[in-house]
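You will see two complexes here that share chain A, one where it goes with chain B and one where it goes with chain C.
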Partner chain A sequence: MHSAVQRANTVATIAAILLATICAAASFLDAFNSPSLQAHVQVVKINRFRRQLDGNDEVKMTLKMSMDLTSLFTWNTKQVFVFLAAEYETDTNSLNQVSLWDHIVQEKERASFQVKVPTKYPLIDQGTNLRGKKVGLVLHWHIMPISGRMIQGKMPLSNFSLPDSYTTRS
Partner chain B sequence: MAGRSEFSASARGKDRNCSTQSYLCRGDSHVFPSSPVLKARINEMDWQGQKHAEMLMQIFLVFSAVAAFGAGYLMRDFRLMMLIYAGGVVLTALVTVPNWPYFNRHPLKWLDPSEAEKHPKPQVSNITSSSSSKKKASKNK
Partner chain C sequence: MDRIKFLGDVKIRPTLIQLLNLGMIICSALMIWKGLMCITGCESPVVVVLTGSMEPGFKRGDILFLHMNKEPIRAGEIVVYNVDGRDIPIVHRVIKAHERRDTGEIDILTKGDNNQVDDITLYSGGQLWLNRHHIIGRAIGYLPYVGYLTIIMTEMPIVKYLLIGVLALLVITSEE
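Moving on, here comes the complex of A and B:
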């Protein structure tokens, strides 16, 4: 405190510590946010169900989705990454999770929407187990805050069954 | 404290009655302007001023942090919190860091040179037998 430079150093240090404190407080308050979101997904049609040249099953389908993610957003939210995973069980793997579609929502105003889209990524199996398989669709989300730790969540949605035999593109 | 030529200026006989460290008494006041901004860069703070400045700094910074967090929480806007806090920090730095004359209201009174000559610094003695007693005597001064 004897010279202006020392005082400037003290101001900068205390300001940095208090900045960390208010960011930690903002992140801490996020834990009290209990989200209640709604989502609905429906498989419109299976576009292609075939066996690839390297031996794995591949499915491409069209999905109709509607979801309301506004309750996930707080004042400390930077963006929400949401993806739809197909989950099923095979003989070799007790749980397979394959991401079919994902989306980044950056504003609370754009968090409620309905889309009818083909899947971004095909459902490719490790093997040839998909014929007649019962597949569950689960919506996962990652909330990325401005300050703090990432928050994950998921919600199981409807199930559907794949056809018993391969189809060609219709 | 940074050394200044107070003794030499006063000893030159220009302001023998003045015993403060302020530039007004150094005999070269014609060089320095009277604006408070430039005064702040030249003068330093005194002890009371330093304590006052440190207290103001802590209060301002904590208040800025609390006000920023409250405003951001109520208005649900993280960016607003950051802006208010940055403004508070800049305001604190402007008030606390420069040597404003307000912090120099109780300046130190340095000893007049004529007074200092009456109490000279003790000399190191060459006699080994009485060196310890002489050092004890000088410490009592």
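Moving on, here comes the complex of A and C:
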């Protein structure tokens, strides 16, 4: 009565529709997750603060961070990409955001941790504005789902001021 | 002789109808694609991940849904950009952003999550930063595996021709 091709076509269409509905539902439910995470960061030491050869300020430091990201995870979460950004403004730039450190958390069990690490990426300014500059440290996260919409968020943590003069002779 | 001529006459109209159906299907698909382009504001609202530079988040063969609007580009966003002179768009994350006070123009530096170094070597010539006009879109959604078919079709063109051939055959030979 119905050919094999017709049956295969019907099965494939229904499967596709079901899959799409499940993906959409998973993504939709994610929106109801209201995370309450805690984090703390502290600048332990400025390792190097100098002016590079091309004329831009460069800072490397050691950070001590603790955070609890478990409330960001739902069953539709594949990984959480978390990074700490130094945010500040200068005369020429209304906003500077520089990522200092990032980490990928793949399992909920490993979402609460403490680290003391040197910065993964140096804080390099467009210019020489960093002496005595007040810099805000903001924790950003990016929830990447198993399927569906990606969710971003951020939380300002602490501020710190850079020294008034370079600590290393360039 | 007569019979052959008769057969020739009868076949024309159904064939034309079949061709029209094919044309309608192609046009509908194009309309949906162009419509998506308008809604999302990007030239290519859906891209396939081609490399492993964003693993474990995105694997080869996953597809990303893109969106582009006037919102400023900020650190942490996953953007798709074209380097001047290259065809293939790159999907990486913004790790540094500097926004100029006077022009509102933004300088960004990107890096793949799975790469050791940032993308500065990928930008053309002595270019140090990406600007807004390089960005095709921001990734807002994601589906795994679906794009693998596109990768297979690009890397082994024989599959593409086979698929088109089979589809064309099915449309032409199927009865309404």
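Assume the second predicted complex is superposed on the first by the 167 of 170 C-alpha atoms of A that agree within 3 Å, B and C clash if a C-alpha of one lies under 4 Å from a C-alpha of the other, contacts with A are read in each partner's own complex, and residues count from 1 in each chain.
By our rule, contacts are C-beta pairs under 8 Å (C-beta built on N, C-alpha and C of every residue); 3 or more make two chains touch, one makes a residue touch a chain.
Values in this document were obtained by computation on a predicted structure and should not be read as measured data.
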item: Clash or fit, chain B versus chain C on superposed chain A; value: fit
item: Partner chain(s) touched by A:N93 [first = chain B, second = chain C, both, neither]; value: second
item: Partner chain(s) touched by A:I146 [first = chain B, second = chain C, both, neither]; value: both
item: First (chain B), second (chain C), both or neither touched by A:S3; value: first
item: Chain B versus chain C as contact partner of A:Y121, first or second or both or neither; value: second
item: First (chain B), second (chain C), both or neither touched by A:L29; value: first
item: Angular separation of chain B and chain C about chain A, which is computed from CA centres of the superposed model and rounded to the nearest 10 °; value: 40
item: Which superposed partner A:M155 touches (first chain B, second chain C, both, neither); value: neither
item: If touched residues of chain A are counted for chain B and for chain C, the larger one; value: C
item: First, second, both or neither for A:I14, with chain B first and chain C second; value: first
item: Smallest distance from any CA atom of chain C to any CA atom of chain B, in Å, after fitting; value: 12
item: Common interface positions of chain A, toward chain B and toward chain C; value: 146-147
item: Complex interface listing, chain A residues touching chain B; value: 1-4, 7-8, 10-11, 14-15, 18-19, 21-22, 25-26, 29, 74-76, 146-147
item: Footprint of chain C on chain A - complex, ascending; value: 5, 23, 27, 78-79, 81, 83, 85, 91-99, 102, 104, 106, 121, 124, 126, 140, 142, 144-150, 152, 154
item: Residue ranges of chain C touching chain A (in the complex, touch as defined); value: 56-58, 74-78, 93, 95-102, 107, 113, 118, 139-144, 170
item: For the chain B and chain A complex, residues of the former touching the latter; value: 1, 44-45, 50, 53-54, 57-58, 61-62, 64-65, 68-69, 72-73, 76-78, 81, 85, 89, 92-93, 96-99
